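Common to both upcoming complexes is subunit A, partnered first by subunit B, then by subunit C.
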Partner chain A sequence: MKPKQNQHPLKYSIYSLIAVVAAMIFFFPIYWAFSTSLRNPLDTFTVSGFGIPFLNFEPTLTNWVDQLATEEARKAVYNSTVIAVFASILALALGIPAAYALARFRFKTISNKDLTIWFLSQRVLPPVATVVPFYLIMQFLNLLDTQLALILINATFVLPFVVVIVRQTFLDLPIELEEAAFMDGARNYGAFLRVALPLAAPAIAATGLIMFAFTWNEFLFAITLSSKEVITIPIHMAGAVDTRGVQFWFMAVRAMIAMIPPVLIALLAQRYIVQGLTLGAVKG
Partner chain B sequence: MAEVKLRGVKKSFDEVEVIHGVDLEIKDQEFVVFVGPSGCGKSTLLRMIAGLEDITAGEIYIGDTYVNDLHPADRGAAMVFQSYALYPHMSVRENIGFGLKLNKVPKAEIQRKVDEAAKILKIEELLDRRPAQLSGGQRQRVAIGRTIVREPSVFLFDEPLSNLDAALRVQMRMELEKLHANLNTTMIYVTHDQVEAMTMADRIFILNDGYVEQVGTPLELYRRPANIFVAGFIGSPKMNFLSVKVLEINGQQITLQLPGEDQMQLHRENINFRVGDILTLGIRPEHFELEQSKECFLSATVDMIERLGNETYIYANDASDNLLTVVGDGELDVSSKEKIKIHFTTDHCHLFGRDDQSIQ
Partner chain C sequence: MKTHRNTKARFVFLLPAAVWVLTFTIFPLVYSLYLSVHKVETKMNVSREKVPMLDASGNPVLDAKGNPRTKIKINREKISTWTNIGFTNFKRLAEDPQVHSAIKVTSIFVLVAVPSQLVLGILLALLFNQRLWARSFLRAVMLLPIFATPLAVGYLFFTIFYEEGGPLGFLGVPFLSHPDWALFSVILVDIWQWTPFCFLVFLAALQGIPNELMEAAKMESKSKWGLFANIIFPMLTPTIVIVLLLRLAEAIKLFDIPFALTGGGPGVATQSMSFLAFRTGLRYFDLGYASAMSYCLLIIVMIIVTLFFRKLRQSYA
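Moving on to the complex of A and B:
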């Protein structure tokens, strides 16, 4: 980061200092979990100083090796990945056309505004209120303890977000671009697929990423609709609590495993998310 | 190539009617300009021809085809938007060739047509750039290129030059005229700039509040405006309007009381007013003179002077405190607060009745 040209160096230093302190406060729990994951269980509460590896304690990979060796942990990562990826894709596949329709067509029987609010209202109901009905539905469909059940339910719950966020993205695109496509001989589908969709792609990628994180973190339905086969990472993390209390060393490893994929994807996709593709479309 | 016909076309947004039954006929290969102040409905009318707005009532024909219910893609028209509306995720080449690609034209053919259009518009070296890397004038050319390659039967322009600086605007104006001469296609051009209208149009349609006020060649509109609106809209600086009282009607000879003491006589065939009526007299600033050579005059006091080099604008108040504009030559010897006499001939006077319509 470079200081802005007309900013006083002292002012800049103070702002930077505040930013660094704030970042340290926010990152400390993550750092602590990481540090804990590298400690011998005996060192968990007795470590001195800031728990810096090599300085305050002798780090060990035992916890990681023990955890990753278990069938359960690998299954949790696999299940969570499959469910989060497919639920996000399903929600995007259903949500994007709905969002486009709400942004560009005028519905007569029910107004566009009412339809949008109806989509959003799906999120007003606390999810816990729907647990029993969903359990019964899944039981009826013979889908209890399957990935498909969690994919369907997670997609249902993130769909309103997709519709509302992506609709706004389409609304922000200059409508002349699609009109120009019409004049160039495109039908509604052509204008959508060849013009609107590519331009909305960065926002759609960002939305997909947020939906992935939501689904990845989902706990309530994962614990009620699955029993043995389809354990996800949040459930696996909660499993670090047993009759001897919380096993902080395992909890720390599991928390790290839970965090790595979303953070990694966010870092990789950052370029696309930040990129403003509409630049230069209409007058500068 | 095609003619365009509108029959009783109306447009309402919700309850508000913005176009009130427009009938017009545009001939094949004609360059027609829709001109009018902001909000007069000119862009809406163009978008209705393009198919981008629904038609509330009436019929639109392009060529012999009734196009009311046709998708914009099927009307055979191409349009240049005010904002250019270039696809930002495509190169210039892809932008220009997009319409051809949609119509499944073979690649080699697209390449050839794009190169040809680029040559006409002198943008050959820009073909691999993205719109964001182009200047305003270059974007404008690309937008025009996109319409040329489709070989449309009608070109539609929606204020295409309004985002360009003055010098570039003059240049593009001339290039559009050349383009029209080369392509020989019907062109409909929307602008609020009467200079663009006057210089480019074969015929001008003047719109105001959703009505067509007058249709004619540029000089017809300048010389014989049908009403006060057209008289005030065409010409720059604006026409001067004076309230005059009818003193005497003698056959077709009428005597009018000018502001101040002077009187004047005019010859009119359609006498639809009476002695004592207040009418409006219109005289263009360029038809006023300060030399004492003309039949009629007005006494006035100079308020402000603008010197443009080649000509001088004098703003002066007459006896009734109307602000008059006079255009004189650049060397005009006049100073502020000076009392002047403004002379004019009856040939250059326009007379408007109480209904704002011209009295011939």
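Moving on to the complex of A and C:
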């Protein structure tokens, strides 16, 4: 169903106005953090109006500079990046071949459909149900407070996205291309590596971004398995509430640092979000 | 593709991921079940002993009289004792007022937040399915909250709900200090974060309704409401069911937002089931009891999820 082309001008104006107000409501909290991050700490609660920089207060970059100068902040960005990148790569390495198998081969003992659903089912598993055993396992393996522990666990929890999105992409590829590769003497691996994989590259890139965002945002396992070395951005943020109360100006900077990458990803990977987040039940 | 596709190669493709998932989900879940029928007590044994002081090359350091000098070494040893106590943890759950409160908090949260997100999502999708000024730009702005770090969102709203001087301070509402309002605030934040997702999915579903069908329907039904009730809503129903089940399964795990926004308080007014299980297990280290708690949560989620996957299976067919 496409939007109608001819519409009453009054209706058009009213609807547009409601849409603008709705968008402003969803934008306001992010804007407020941005505005707070530019304020002199003394101005935090005294700005007038909507706290518009230059108009309602004199903006300053001090909070940003002070925050980014601390070693913990840089460490948090570094840890979050390393964990998110490697968890995504690991999940892609495991998930792409599995997605290909589910799209192109036929399994007999357990049907492809049931196998797919089994892969997806861990997405909805409550993380808190595995947090205690993971804590004990990582303690036993001496992996508490390491990047490796968080990489392994996050890779597991984002794996379903690869299976959902990449499997569907392989299914949508014309099978004739791979058949042609077989005619030319390619084996299964050749058809997969040289034909299917390059064609699925855009979907794979989008999946990688979505997984990066999810790992970047993950908090429960991070706070459970890390104590002082492997501080991620969300843990760093939780640390802004200290004995002196909440330092709103630093909090705002940290919240912005945390949110900028995943929010950009949401805009870039739009097409795949519907498909990925509904586990393939709705096509985007 | 008949001949090549039944080779053993299919296992090479599938097995790494399958083994990985088995190891990282089934094993912890079995372990957790085992934990839930145990009482785990961790004691720290501290003992002191005198050890000779050594210099850099490993020789004992002597004092003025020629006797080896000693220092006191403190040995800390963690001793965990596991006692099988059968279903005592589960019985304790049934009688624990904290658990009752957490169930109540989670239920109210889920029953208010999820339907609100669905209704708002549908309304916004219908709105954005019209011709609008700067439609794609506004649509993009609406999507910003989808991937915003939930914990950051919690802290963000902490600054917004701040009662003395926050941007909503003029309302005079005790957003975070009154138990009922605090839960309401948590719900509001979740609505803010998840309505855009519902909106996006419903918009995709609306745009999937064929134009011919809409034209034919317009011929038949006179009123707009009739069009919605007889055509659009039935077409959307499968999507609504999917989004509803998915949101139920997600919302019941509520953790990050109360952690940041209210710390579970005031008192235990916003302490959700996940939050309570986390505190019990990893703050008070009552591991067995926490496992029993999270297992109950797991069972509830599994019931919802089974319904969801039955629907999902149909949509794959």
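Criterion: the second predicted complex is superposed on the first by the 235 of 284 C-alpha atoms of A that agree within 3 Å, B and C clash if a C-alpha of one lies under 4 Å from a C-alpha of the other, contacts with A are read in each partner's own complex, and residues count from 1 in each chain.
By definition in this document, a contact is a pair of C-beta atoms (placed from the backbone, for glycine too) under 8 Å apart; a residue touches a chain by one contact, two chains touch by 3 or more.
Here the structure is a predicted model, which means the values were calculated and not measured.
By the document's definition of touching, of the two partners only subunit C reaches A:Ala19; subunit B does not. Of the two partner chains placed by superposition, only subunit C is touched by A:Ile265; subunit B is not.
Which of subunit B and subunit C touches more residues of subunit A: that partner is C.
In the superposed pair of complexes, A:Pro59 makes contact with neither subunit B nor subunit C. Once chain A of one complex is fitted onto chain A of the other, the partner contacts of A:Phe182 extend to both subunit B and subunit C. When the two structures are aligned on the shared chain, A:Pro174 is found in touch with subunit B, with no touch to subunit C. In the superposed model, A:Ala252 makes contact with subunit C only, not with subunit B.
Within subunit A, the residues touching subunit B in one complex and subunit C in the other are 179, 182, 187, 277-284. Of all the residues in subunit A, the ones that touch subunit C in their complex are 1-5, 7, 11-12, 15-16, 18-20, 22-23, 25-27, 29-30, 32-33, 36, 44-46, 50-51, 94-95, 97-98, 100-102, 104-107, 113, 115-122, 124-137, 152-153, 155-156, 159, 163, 175, 178-179, 182, 187-189, 192, 213, 216-217, 219-220, 224, 233-234, 237-238, 240, 246, 248, 251-252, 254-255, 258-259, 262-263, 265-267, 270, 273-274, 277-284. On the subunit A side of its complex with subunit B, the touching residues are 174, 176-177, 179-187, 190, 194-195, 198-199, 277-284. Across the interface of their complex, subunit A is touched by residues 50-52, 71-73, 77-79, 81, 83-89, 98-99, 102-103, 130-134, 136, 139, 146-147, 150, 156, 163 of subunit B.
Residues 1, 4-7, 9-10, 12-14, 16-18, 20-21, 24-25, 27-29, 31-32, 35, 124, 127-135, 138, 140-153, 155-160, 162, 164-167, 192, 195-197, 200-201, 204-211, 214, 239, 242-243, 246, 249-250, 252-253, 255-256, 259-260, 273-274, 277-278, 281-282, 287, 290-291, 294-295, 297-298, 301, 305, 308-309, 311-313, 315-317 of subunit C are the ones touching subunit A in the complex.
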